[in-house]
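Shared between the two complexes below is chain A, which pairs with chain B and chain C, respectively.
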Partner chain A sequence: MPFANEIIKRNNVTILGSGEKTLLLAHGFGCDQNMWRFMLPALTAQYKVVLFDYVGSGHSEIAHYDQVRYSSLEGYAQDVLDICEALDLQDVIFVGHSVSSTIGLIASIQKPNAFSQLIMICPSPCFLNVKPDYMGGFEKSDLEELIDLMDKNYIGWANYLAPLVMGANNSEKLVGELSGSFCSTDPLIAKTFAKATFFSDYRHLLKEAKHPVLIFQSSQDALASTEVGDYMLKQLPEAELQLIKAEGHCLHMTHPDIINQALRAYID
Partner chain B sequence: MTNKITNTKLEAPGLDAFQCGALITNKHRNIIYANAYFSNELNWQVEKLIGKSSDDLFTFSSKIFIESYLMPLLLHEKKCDEIQLALLDGKNNRISIIVNAKMDDQGHIYWSLFNATKRDKLYEELIETRNKLEAQAKILQSMSVTDELTGLMNRREINLRAPELLNQAKRYVHTVALLMIDIDHFKEVNDSYGHLEGDRVLKELGLRLKTFGRQTDLIARFGGEEFIMLLPDTDASDARLFAERLHKLVSEIHVNCTPVTVSIGITMSDGSHSLEDLTKQADTALYKAKSNGRNRTEFDQTSIYTG
Partner chain C sequence: MPFANEIIKRNNVTILGSGEKTLLLAHGFGCDQNMWRFMLPALTAQYKVVLFDYVGSGHSEIAHYDQVRYSSLEGYAQDVLDICEALDLQDVIFVGHSVSSTIGLIASIQKPNAFSQLIMICPSPCFLNVKPDYMGGFEKSDLEELIDLMDKNYIGWANYLAPLVMGANNSEKLVGELSGSFCSTDPLIAKTFAKATFFSDYRHLLKEAKHPVLIFQSSQDALASTEVGDYMLKQLPEAELQLIKAEGHCLHMTHPDIINQALRAYID
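After this line comes the complex of A and B, so read on.
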């Protein structure tokens, strides 16, 4: 199975636990599959759990990175579909954090058979304010400042100027050395992911959802306000929203027990 | 001894005189401590900060950065060195800061904030320089591979790119044609009508070769009034037809109401020859075309695929 092996290596796919049901956990922008580690002990006891890194994140194979493909969320959704095909997954329960909720939605619409349910943790279909009807939370200028901030934070990293000195194609080794750390990746890759995440608008897809959706909404989340959660609940054909009284955008890291419990209650 | 220390302590000018911000938040992100730096330098009243969410201290873009990097790092690794963010002071001014933070087991975060206004300025310059260099590198790259006058690739570039095309021919077992094209009596054009007229002819020919060639053909100005075209997946009869059409195309260019003509030397290869060998063979054929009266095409007789 050369295709399967290639995808498993490319996306650093990890399979843990066993059970009748399979969960596919998809990390969000910024980090990698290690994000899920606080939830894993409880999940692997009961389910088969598939973890992965998007190409360009974590320990994925950077050589497969394609600037055009990963400039939109469809490219990341293709990673998800590739993994489903490689592992021959059907009726998988997709669990996505933040932008991965949208990525999962795209993938599930493209290939409904592969999925059975979508669990979205702190999702937002559009981070931009689209006045007057929708307040995603951010103005375009905020997001441009984010790209600038990313640039500045990458300057301190060894490979900031490397592509310029070595030629873009030769930076792979340097990038590899840096990707050992949890949140690090190539600056250009991170900026491309940021643009695909924060400048896009996938609200129109919500109505097209083909599976039941469970949304975990944080009561105080700077990236996805409760209004965004309510909007999604209204637009999705079959959805449930659980409001978690918590601060922040990483419920799966800060409140893994609450999420695990609610998740189990929902899918069993 | 003990007394002495106590005395010194009492006489100390206040322990909170650090030139950096120190902040402690609880697990709900509420500020439970802020040092005097916030009132001395950041226009906040410390009492008013207590109980506020740390989210309120940062710009929107910084909030995304905090949620995407800082918090995951703190939750995962318990500390985070050196992240640049933008802080809002008590008067809503945006201030660049460097943050170092650690988290304890109860979820308290200990924040150290350092003013990074000057560093930010340097970074802006660095980013600007990088962008400039990138744009420059792009221009230089394109200049280094292009013949300035005709816009075709130069001799250096075709030398670099030919091996791949020849290897492909070998791998996929098809033949390649190399055409050496030389403008007839070009020296006379220059001598009689001046170099500007000569340049115009070269430009016109370059443009025609470019529009006539396929995407996969390699077309270069090889030197002076000499051009070469390397045509993949082309047999001898294709090449002959190609050359005939080329002669016709060139005759559209006129100098003093007289059509320009070219002589063409062609050699064929299965990909096992070097570009150098092929140009030598094509050059021999070109010489033959010249001596047979110009405005014509000849094939190199040593190449086995001669049509």
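After this line comes the complex of A and C, so read on.
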């Protein structure tokens, strides 16, 4: 069975660069592998770099989309594990943006040998406020309204969310790119991913982490506040947190050089 | 055993683009995967594209170099087959430059299921003149002299061969790049590859080809004359030949648009 090639095409796997260590870069909600491009020149000079699109995102093969599988983050984690298996990846350094940090955490607990370190860019294990003591940042009703807006006015939703995620004061080009990426995703697929992302609570997994974690925390992030980063640091068995003075939730796009430098220092 | 990842690193495998069909691009003697870059923008928009460096070339892992294995083209063909196995490639469209056309032919006869078509850019099954009726273009003594020059004056050899291969009237930049690529290869490894390339005779394999072949023939090629292309066309069971009005032995670098267009028309 041509398993590797099937997964390579299904998840539009890209492999670049050369080096002893392998990095697996996992994009966030409403994004695709293209969002990593600012970090690639530096990374590919030093590491083997694997990129992919989750099924339903980017140039993945939409025929493989499964509404049930991709209704929970475990389904996306299975994409990551499929890629690791297809390429026989071991001791890979997983770099996840936003919700992919949690997806990588799930995958790394399921199959520890495939991973060596987790690097999380603007992560949050739970976007909801859970009383009395966890402030994910959002009331459930707010998020339900946002999801409803996807049905009522998809483009309006994309144009509202993109500047919130990217940081409104960052370049208009990047905000426009993110908005365009949201819009180019099939609305039902985006809504399913959005629900899996924003209504889930994976805080209980933090203590189960089997690998060292580096968190990149944005100082001004509408989706993952510094309180969330501090919470994760406390819960994770072995973690470091680097607070980056920045606006927005996409440090790999707005501050690629700072992230690259810190990432390389951490790995090496 | 992490076979896929090991081969990916050993042969510095790169995977780009997306599409139903997969192309495997194989560089020629003294080159590396970087030489395909002019063709990539068009190809990756339509196909999954796999690139690699033979062990000993480019950014392959030199620790895997084996003097015996790489003394014959069968050793290089095994690199191709290893990559096909590691990635579970089936029905791949093999695109080989120069000696890699023969390497692909060897691999495709050994494991037919992995391949669907062979595309050969400036191929030659035998560079030697074999009396009475085959004119590969070179007397054995001429080639021995050229190989001797590698020992005596490696940089002089590179600077002599590069304009001959690229076509002296093509851009100085490309000639310089090829010369630089020759020079940056370990001399012993280059010499071993050169002997395997220039002293071998694989004409007997042409009749054994199990796949349709498209030959791109340069009208003015110091290494593979139009007589050689005509000979191949006659011997191959199922073949087409496209004669490109050009100078030089590197049509994928000097005439990438023409090659891309004809290649896509042939495949689709």
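The working rule: the second predicted complex is superposed on the first by the 236 of 268 C-alpha atoms of A that agree within 3 Å, B and C clash if a C-alpha of one lies under 4 Å from a C-alpha of the other, contacts with A are read in each partner's own complex, and residues count from 1 in each chain.
What we mean here is this: a residue touches a chain if its C-beta (ideal position, glycine included) is under 8 Å from a C-beta of that chain, and two chains touch if they have at least 3 such contacts.
Keep in mind that what you see is a predicted model, and the values were worked out from it rather than measured.
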>> Looking only at chain A, is it chain B or chain C that touches more of its residues?
In response: B
> Can A:72 be said to touch chain B (first), chain C (second), both, or neither?
Replying inline: neither
>> Let me test your reading of the model: by the given contact rule, A:116 touches which partner, first (chain B), second (chain C), both or neither?
In response: neither
> Now for A:226: first (chain B), second (chain C), both, or neither, which partner does it touch?
Replying inline: neither
> Now for A:198: first (chain B), second (chain C), both, or neither, which partner does it touch?
Replying inline: first
>> Tell me the contact category for A:129 with respect to chain B and chain C: first, second, both or neither.
In response: neither
> Is A:46 in contact with chain B, with chain C, with both, or with neither (first, second, both, neither)?
Replying inline: neither
>> Going by the contact rule set out at the top, does A:29 touch chain B (first), chain C (second), both, or neither?
In response: first
>> Looking at A:235 after the superposition, I want to know if it touches chain B, chain C, both of them or none. Which is it: first, second, both, neither?
In response: neither
> So which positions on chain A get touched by both chain B and chain C?
Replying inline: none
> Where on chain C is chain A touching in the complex?
Replying inline: 1-6, 8-9, 12-16, 18-20, 22, 48, 59, 86-90
> What residues of chain A sit close enough to touch chain B in their complex?
Replying inline: 28-31, 34-35, 37-38, 137-139, 142-143, 145-146, 148-153, 155-156, 160-161, 164, 182-183, 198, 220-223, 247-250, 253-254
> For the complex, which residues does chain B have touching chain A?
Replying inline: 28-29, 53, 55, 59-69, 71-73, 75-77, 82-86, 120, 123, 126-127, 130, 133-134, 137
